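Each of the two complexes below includes subunit A, the first together with subunit B, the second together with subunit C.
What follows is the complex of A and B.
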């Protein structure tokens, strides 16, 4: 008998790292996470300190660059590198906390709806149908308008918008898993529903949850940038890639660097997170199809 | 002494379509009872109805008296105390019937802890003993393996060990040998006979293979289209016992080796 199903236990760390997608994206992500965590210590300047005489400097490799400002300055003379580093910590704070909320809510609801079924499942699915028929960005903007701006409200808005997709995918995987023979074995062994959900089903959908969470992190980074860009994300004074983009856009013709660098950082991070999710998916289950996104 | 199991007028229907019709039979203490029929005859559904494993869309009527109690009238909580301790199930695909995420050890000891309230050390010792009873050569090693690391035959031995772990009175074996090759099949059949004698367990042996059933069962119910056509007493000359034309058809379809 050929066993094609894979589980976490069967895939070693080395096996994971042998995937180019995983190793490359992990290096990039680790770089940005470390940069964000150590930003207060390694950033050459205060990210909010303005010095108008140093405004709109290009990076040092371009003529007119100042060696004190590696990537140049924006229209208010703030150091772009320092702002990028601090922005990384904002991006990852938002993406990690939002993903934690989304994945725990989504996993719990998905497990309950998929295993217990019945009226609870029916009601939850209709709520999700309604929820998902709103354009996600509009929904996020609406919540921010109610909650007010600020980094934790961004986290909340992302969680409120994205729990639906996560719940749906987890539920459909639970529906497939509960029909497996080993679940019948556990039922006929006299185990409780609680035991079956957490010992029989949860460990076997964990690979899916990990993949979904990685993809969710990428989405959260992009949404935070977007919300901050339109002025509905973090407070305007907080250095975030989104606020940098909106500031940089104003001076794009005279100083494109203030716009290009935060854009580059966003694209590289989101791409890496998606690549990481894709790589893990391939390693854990070649048959697994991530639906809904 | 009352019969261990009495199934009376069992009818199972899905959306008004009856798939098991008015089935009645009895299983004695320590008996191997065969349920034989083609695919779709309703034999697996009948077996699964006894341990109440049917989906909620199934409508089950009739009575299933186990040690005098009607299983169909029990609450889910009462049923949980019977499942695994009094009645267990062995399934067709041995590898799929074990949880891929846990070691064999966890899967055996969990059920021992649940029903016999053993502590971890006692449970591991009992698991080792069970595995050697089902003919596993090196139980210590196998306990630490995951299901996918074992062969189908070995997984079925583990599944049998789990089914007999709490010394149940009734084991429902749902085509336990269908997914195995003939040699492993023979070993598993002998093993089930041995375990049945050791624990004086009754077995409901569900199979499509009349020859196999006549080899292991004391009585065989032949099912077709959701009905029991006849119950025959297995003997050396099964041909003389079979009266119903369908049973004769089944018998004549057994392939014989050319000499």
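What follows is the complex of A and C.
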């Protein structure tokens, strides 16, 4: 039993990387995660240091570029590359922590509601229905307006808003899984509910959880950028792709680079996370269809 | 049709419960979370007496449940309280700007449905176009509304300069308020210049909102159409000698449309949420823009009212979509 599991795992790792969607998006995401983690060491400049005599420099490959500022500077003379690197660390910090919270809460509640059913399930589903009648972005804005801005409140707002969708999808998958023969066998064999949930059902819904978590990471990156863009995300002094976008949009005519680079970074990361989710979905279970992202 | 009316009644009651739940959440968010709303609103340097008066005005000195009941009865008489920042009635402020938001949201729904359905049908029959659409649709699905808005505003308003970057109408043009929908009002008054100006202004924000839903409709319809086109009755239609266009867009489409309506229902709430930031990016004078101003000034009565209205729009539209669904497919079962 254990032997087959191991060999299965090994083949699937090779199999995974053979998917173009997975390998390409993994390379891109790893690049940005590493960039974010090492930002304090590799960023050539202080991302918040303003030098007005160096304002609005273009990237070095454009005429007038300064070799010290690889991607140029924004309207306040801050180094765009350094801000992008620090912005990557903000984006992935929010994305990873929010996804951890959302997926743990969603998995736990989804498993309980789907397997135990009854009053708890009914109540939880009604709460989720009501919760989901609010547009998610608006709920997040409402929470931030009460909690205040700041990176951890952004994480909290994303978690408070997104646990519902995750729970619901996990629950419906659990509902389908619990009807399978191996669960009935385990029940007949007298295993405890706890054992059945974690050893029989959980491994079977793990593929779905991985796919949902990858997609959630993409959503979280987008929401952080969105909230920071409208001034409700990280503190204005923290370099984030969202604050870079809102600053850059104001000076787009004179300095398009300050806007285009953070836009590219956001689009590439969000696309890659979605591509990764789709690639994993195709590999793990071609039948899985996640709608209503 | 007793079953349908029974279904409609149940569905209506479900909306009522969702509505009550939504009112409770919008009420509770601003009272249970840390921080007293009044002290958050006024900031430091105000007399104790003023704070006490405000607390009494907002009934914060009473138990939570009676506060909620007061608030709910006020809601039904459209008394949403006074805005702290504007000094005006919250309901009036919202109603003034609501048509702008609805016009934008409905315009993007129409664009998404028409283009999504058209490309979905085409993708089901034309292989080469299909491959192309499959590739671009990933971007359509993954990129959120506000990023599309930023891409479109820079591309078409700043670089190509073929569409305006902000507002609803060119300066100097006036449209008398009849419905509040500029596109409709300008037609009613026969003002062609205003109509085209309004159209020019709405196209970019509406498109930014439409792209995501359009892609989803296209993808869903494509796979459904491929199934439907293999069914026997399509062959019968062909033998009857109907034109291919008629078979595709009338006979086949009618049967393939069901999941599309479900998708529109699921996705609408995301589109509505996305409209807030899109309004901000395009300077669109709707309630989304109002929400950001309200948040900036910590105008909690106004924030609460706006959030409430968004939830109501979502609930009503989802109810209408479900009715439409029952109408098209009378076999629908209520779970």
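Simple rule for what comes next: the second predicted complex is superposed on the first by the 282 of 293 C-alpha atoms of A that agree within 3 Å, B and C clash if a C-alpha of one lies under 4 Å from a C-alpha of the other, contacts with A are read in each partner's own complex, and residues count from 1 in each chain.
Basically, a residue touches a chain if its C-beta (ideal position, glycine included) is under 8 Å from a C-beta of that chain, and two chains touch if they have at least 3 such contacts.
Please read all numbers here as calculations on a predicted model, not as lab measurements.
Applying the stated contact rule after C-alpha superposition, one finds that A:192 touches subunit B and leaves subunit C untouched.
By the touch criterion defined above, A:126 reaches subunit C but does not reach subunit B. Shared-chain residue A:266: touches subunit C; no touch with subunit B. Subunit A is touched at more residues by one of its partners, and among subunit B and subunit C that partner is C. Only residues 126-127, 129-139, 141-147, 218, 222, 225-226, 229-232, 245, 249, 252-253, 256, 259-260, 263, 266-267, 270-271, 273-275, 278, 291-293 of subunit A touch subunit C when the two sit together in their complex. Within the complex, the subunit C residues that touch subunit A are 17-18, 21-22, 24-26, 29-30, 33-35, 40, 138-139, 141-144, 146-147, 150-151, 153-154, 158, 216, 263, 266-267, 269-270, 272-274, 276-277, 280-281, 291-292, 294-296, 298, 300, 303, 307, 310-311, 314-315, 318. Across the complex, subunit A is touched by residues 51, 53, 56, 80-85, 87-89, 91-93, 95-102, 110-111, 114-115, 146, 148, 152, 159, 162, 179 of subunit B. Only residues 1, 3, 5, 7-10, 117, 180-182, 184-192, 199-200, 203-204, 206 of subunit A touch subunit B when the two sit together in their complex.
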